[in-house]
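Below is one structure, written out as structure tokens; the observations come after it.
Letters are used for the chains, namely A, B, C, D, E and F, taken in the order the chains are written, and counting of residues starts over at 1 for each.
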Amino acid sequence: MGVSDSAKSQAEVLIQALPYIQKWSGAIFVIKYGGAAMSDASAAQVMQDLVLMHCVGIRPVLVHGGGPEISDLMKRVGKQPQFVDGLRVTDAETMELVEMALTGKTNPRLVGLIQQQGGRAVGISGKDGGLIRARKLASAVDLGFVGEVASINPDVVYAALRGGYIPVVSPVGLGIDGATYNLNADFAAGALAGALGAQKFILMTDVPGVLSDTESPDSLISELTREQAQRMLDTGRVSGGMIPKLQACLHALEKGCPRAHILDGRIPHALLIEVFTDSGIGTMIR
Amino acid sequence: MGVSDSAKSQAEVLIQALPYIQKWSGAIFVIKYGGAAMSDASAAQVMQDLVLMHCVGIRPVLVHGGGPEISDLMKRVGKQPQFVDGLRVTDAETMELVEMALTGKTNPRLVGLIQQQGGRAVGISGKDGGLIRARKLASAVDLGFVGEVASINPDVVYAALRGGYIPVVSPVGLGIDGATYNLNADFAAGALAGALGAQKFILMTDVPGVLSDTESPDSLISELTREQAQRMLDTGRVSGGMIPKLQACLHALEKGCPRAHILDGRIPHALLIEVFTDSGIGTMIR
Amino acid sequence: MGVSDSAKSQAEVLIQALPYIQKWSGAIFVIKYGGAAMSDASAAQVMQDLVLMHCVGIRPVLVHGGGPEISDLMKRVGKQPQFVDGLRVTDAETMELVEMALTGKTNPRLVGLIQQQGGRAVGISGKDGGLIRARKLASAVDLGFVGEVASINPDVVYAALRGGYIPVVSPVGLGIDGATYNLNADFAAGALAGALGAQKFILMTDVPGVLSDTESPDSLISELTREQAQRMLDTGRVSGGMIPKLQACLHALEKGCPRAHILDGRIPHALLIEVFTDSGIGTMIR
Amino acid sequence: MGVSDSAKSQAEVLIQALPYIQKWSGAIFVIKYGGAAMSDASAAQVMQDLVLMHCVGIRPVLVHGGGPEISDLMKRVGKQPQFVDGLRVTDAETMELVEMALTGKTNPRLVGLIQQQGGRAVGISGKDGGLIRARKLASAVDLGFVGEVASINPDVVYAALRGGYIPVVSPVGLGIDGATYNLNADFAAGALAGALGAQKFILMTDVPGVLSDTESPDSLISELTREQAQRMLDTGRVSGGMIPKLQACLHALEKGCPRAHILDGRIPHALLIEVFTDSGIGTMIR
Amino acid sequence: MGVSDSAKSQAEVLIQALPYIQKWSGAIFVIKYGGAAMSDASAAQVMQDLVLMHCVGIRPVLVHGGGPEISDLMKRVGKQPQFVDGLRVTDAETMELVEMALTGKTNPRLVGLIQQQGGRAVGISGKDGGLIRARKLASAVDLGFVGEVASINPDVVYAALRGGYIPVVSPVGLGIDGATYNLNADFAAGALAGALGAQKFILMTDVPGVLSDTESPDSLISELTREQAQRMLDTGRVSGGMIPKLQACLHALEKGCPRAHILDGRIPHALLIEVFTDSGIGTMIR
Amino acid sequence: MGVSDSAKSQAEVLIQALPYIQKWSGAIFVIKYGGAAMSDASAAQVMQDLVLMHCVGIRPVLVHGGGPEISDLMKRVGKQPQFVDGLRVTDAETMELVEMALTGKTNPRLVGLIQQQGGRAVGISGKDGGLIRARKLASAVDLGFVGEVASINPDVVYAALRGGYIPVVSPVGLGIDGATYNLNADFAAGALAGALGAQKFILMTDVPGVLSDTESPDSLISELTREQAQRMLDTGRVSGGMIPKLQACLHALEKGCPRAHILDGRIPHALLIEVFTDSGIGTMIR
């Protein structure tokens, strides 16, 4: 009757999303996004996914990383990035560069992308409103201003949510000593998911998820219980960058967040596929 | 990477709907649905469309008709429906049957369908909370309790919207004389769209829309200005059941509703196609 | 001094009502009204009593029956009402007629009477907003769509109360299976009284109350404890229609409603006499 | 059926009051009460009337006088009350006694009576929250601290109304100079009625109302227009204490209060008769 | 640079007050002020201190005494004040004078002083809104209308605080018998501090505080625990007027107020010094 | 009596501040702070002043500059800052550095100082929530991403104020083209003062104010009308950096802000002296 098949199938897709929209209405999702996956095209798509979630009643909170931006700025000022066990050695000058890269470059870039797509976002540093209180991370070697989360006061995030904004959080923290600390973004996001009572904690990475055979991308594990995930860590069945990611997920679950996801941020609209379709994607731990 | 093409294209469809979801967030749409189009399968689909709209932030208000149900009940009690100029002759006994069919059968059926699909609906008779004050329709022949809208007090609809419900309205009205009147559902819906300051008034019918050649379904007119629609009425270029439909649309536009639509309710998910896709469908008058 | 004695005694009556008005300010009363008592003149008076209660700060919730209207409609379509143990055999066609009579005739009639007297009322079907979830009543003989209350979600009633309306509830319920069920109005009202935390549950009947000697209207028992009422049921000292009424009262008391009343609806303004005067009337169970 | 005729006629009276309760729901009435009429028994009855009004949704604001209490206290401390043109000569010492009698005796007495009858009242001095700003009344003879209303800030009265209290106001005012002024209670009440947008201003006196023949109590005038009342003042057809009362009424009407009443406070429950019955009483000016 | 040293040191003082302003933001302080200390100049200063506290976010509640005003009024009407164990013998006539002096003189004087300094105050009698329910104090000799606090209903104080006013409370109470009772202001204030959950209870007196040697003003004790204060009472180490003051403080502490202070009201701005500076002043009991 | 003179004079200072605290309660002040004046010690003091203002009911909004930090970062990455007519030539790479220095260094430093002193602050980039929409500044020479304010949407600032935070704003803006623009902080602050309806716009500089003789610091002009300030600009009586400052003040006044101040940020607690004492400081334009 003059209506294209394409229009009809579009309508069908919307209808298939309905139960998910109903299910997640009002829920807070904490999404960690960062690292190599954060190319310009990818970032624009991920921000679009957040705007769509926000429009249909979900309350997404974004925590970003920024390793490449930090290293890039360091190199430009002639400093060589150094890492010990995957942690960046952070002297006072480096800390300043870290904060400039995270809070002054990555954060406003993501905020700008959301605003450009008709969304409403506010950047929030972990120092704003005392959001993240940090303390120096204990370690064998002195890593300088590498910190860990001491406590979370989520008031400033709630104020942003109440105002109808998507909070975009940069993972730095203020110490009792007044110093600024560099935090692991995965862990900071997991702690925030716990403190906010988020319904989901979603870690976007550049791998397909947890693999049973790290050599084979086809060996993706779709779902793990907390116990299974813990056992994989304990028995060394995961390795490299996946270890802290699984630990961050388990931390969020411990703090009361019921579901953690490790998603492949390289898949276009991975967030929408995970949240609004029947298709399994990545690994869910609960 | 293990994600089906279908999942990816589903995500694309959702993203294409985003600008429409943003545009209509918070808007009230008054939708008239009824008549022959209201088969069981169709009704379930239309109600599903309302639930989806509601979920993504639109505030739909449904006004239903019920001609076939009325005639059916009349026949069951042995009364022969009579019409003068398309209007049902409504003696006191018929009025009682009209109200039972509308408020006691069609209305709770639609409410039940919405509830079954996870939505929240409340049935509202035009008599509830003084919503529709009616008066006897002046006519050459005495049509009995056939009325027209005298005034609208939308408080009870707003109370339902504030409570998070989809209002489902049956088109009867209470006269100053305490009598109940049978109202033309298209007109009642148009008047309600005006009184509520609705962003859209959508008339679902069983024809493709306004045709420039009534013999040819391919001659659909996609868009009309108020002036053009009025001229078509004045010059007799529309006929039959389309006349009161166009008049109801013009009435809603006069009362301040900026857009009226005549849609083909036989197309599956016609509402979603109209509201959330780029595809034109039916006739829009503005 | 030019003021009539009648005016003075009117003032005295108002003053005598003062302590009762103070006592019940803000309280929810669930009132069951229906059956043979519901003649036109009587209904107008009872609705007036509700409007007065509402005006002075009480929040009445009306649940109505409609047996005679149902039977009347059945006969008009040529169906013979059948009862087993006082319960109406309700096949699918009958259920449709039941709903039309209750939700489409009795309910809007009562709403209209309240509106005509300057009150504000909304009709609420037990299906609206998922108010009453029902399930098929287990019984020796298959009674069809005769149901019992599975659960109550009073949100829609609270929304109506917040909006300043008197809710008028028709006693049907929606099953998980999507079917509509016919409910005993006395029981539905009692369950609603419990769910709403009503201060009073008032059952209006066409007998004086509980009698110690069923042959003698003078043997009215003014007050019973729950234990006494239970014992009367257990020992067969009540019979006929009074049995389910006492059971409904006991059900409301179990659910936390502190007082249940069985009143003679044939007495003009029985509600006002019970609520606002020193005169005892009917039977109170607490 | 065991219900006394008295109970039935009580119910009838309540029903007759219904239209008045509906009409005045939410309205503010400013009531001036004082003078010789304020005996113990009378005061208890008038306060009971206020409590009833309050219970059924009216928001009464009481302004009291206290001439006899003032004179009594003056005599007890050995001062002889002096009047010039009906106004009390008020030196500094007298002003102190005036305030003690009004704010420290009459006001808490009335508050106590309301509280004792289950109402909720707060005493408010015209000095509280800057309610009444006063200035020295210009006059031929120096009357000392006799003042007139310069401006009204009704915030403190609204705060009391919002809290659910009956405000009881003593008619003193604070000057810009920091001095306390003695105000005519009738005028202060009229000004307050205007500032609060009261629906009624009611002056309770110890005469039947405005008489066409001051010698004949039977010559009561039930209703006057503003123009008629003004003409009576202009042509000297009223005299003595009625002059300032009529003037206070006209002042309230000028400030926007639509109805002023002069009632005979000696009639038991005169307020209830005026407000809730069909009987005319006293004089209404509009 | 053209800025005086005085301006700079003013700024320094404000900065030194900052931690105290932060600490007490939103806190309720109940302050008892009265007796001989209440000269005109002193009262103006104390009221100014309250206005300043109010401005910076503290919510002060003032309870005043009025012994000298009462005795003065009694003498003016020719009655000789009599005391038994420091309690005023209060026959019916005396009670009337007490109430006039407290509620009609001292209270509006303090309210007026606050208003004159740009603050917002309301006088509240202990009878207003049922604030203080009193009962006759049991004693060997009949003291007449000398009462003690039976219960506190702080609603009317909260309404005043919500309205942005400083409540000024006169210490009288209403008995169940409808009689008015004269209360010890120190005790009434302590009870109010407990009922309001005040952060501080401050008793302003005309002595430096609790002395370890009552003969030596230099022997001021800055801080006492509850246990120490109780022991001083038990062992007779305090005497005279300090006994009831210490008892009132202990009463407030028992009711949950965490700190009680006895301050010398003769020191200018003693309240500000106690609340906003590092200087110790008076005795604190916790 | 054991209270030090110092404590007494502290109390006096607080009392002298009272009228100013009363006057500015609830007012929004937009304060521009930046440039050379922003040394560590100075910044800590200025932030303390903001915290104090906030505590006593003022709602300060801080806009900061960051020229030295920008130039410092540029030099560290080997870029030579270039200026044309006082405006920084800003190519794409420079813009990135500008944003990192402003939003990633200066802004969180100031937020951290406020938090460390017990205040509550949030950093807000001009891009957050679409706060500042910018467009390319038209100029003879292409200055790259140097922009001017196109429009202000203050919602995100109001959300921060409602949440009880001091907003700290970095002066960058988002163009319609999605590019980020470098804004003159003085002008951005003036525009924000206008959009927020601020009561005061305060520009903190490192000169004493507007001088009548630019060679003589003693020739400070305390107060200027808008007309006088405009004339000084028109006649060239101000020069250098003072020109854009005066222009920014005039811009704020045009947009409806009633008072603009140019203060010497080098004076300790200059803000407190200006706001809370009788001492004149700097230049006020109104």
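By our rule, contacts are C-beta pairs under 8 Å (C-beta built on N, C-alpha and C of every residue); 3 or more make two chains touch, one makes a residue touch a chain.
Please read all numbers here as calculations on a predicted model, not as lab measurements.
**Student:** Can you tell me the least number of steps between chain C and chain F, where a step is a move to a chain it touches?
**Tutor:** Minimal hop count between chain C and chain F: 3.
**Student:** Indicate whether more than half of the residue numbers at the chain A-chain B interface occur in both copies; give same if so and different if not.
**Tutor:** same
**Student:** Using C-alpha centroids, which chain lies at the maximum separation from chain E?
**Tutor:** Measuring from the centre of chain E, the most distant chain centre belongs to B.
**Student:** Averaging each chain's C-alpha atoms to get its centre, pick out the one most distant from chain D.
**Tutor:** A
**Student:** Would you mind pulling out the distance in Å between where the CA atoms of chain B average out and where those of chain C do?
**Tutor:** The mean C-alpha positions of chain B and chain C differ by 35 Å.
**Student:** For chain D versus chain F, what separation do you get between their C-alpha means, in angstrom?
**Tutor:** Taking the average C-alpha coordinate of chain D and of chain F, the gap between them is 56 Å.
**Student:** At least two other chains touched by the same residue of chain D: list those residues.
**Tutor:** none
**Student:** Chain touch graph shape: choose line, ring, star, complete or other and state it.
**Tutor:** ring
**Student:** Looking at the complex, which residues from chain D come into contact with chain E?
**Tutor:** 73, 76-78, 96, 99-105, 107-108, 111-112, 115-116, 120-125, 127-130, 155-156, 159-160, 162-163, 165, 172, 174, 178, 180
**Student:** Could you please specify the touching residues of chain A with respect to chain B in the complex?
**Tutor:** 1-4, 6-19, 21-22, 25, 48-49, 51-52, 55-57, 117-118, 208, 217-218, 220, 264, 266-270, 272-273, 276-277, 279, 281
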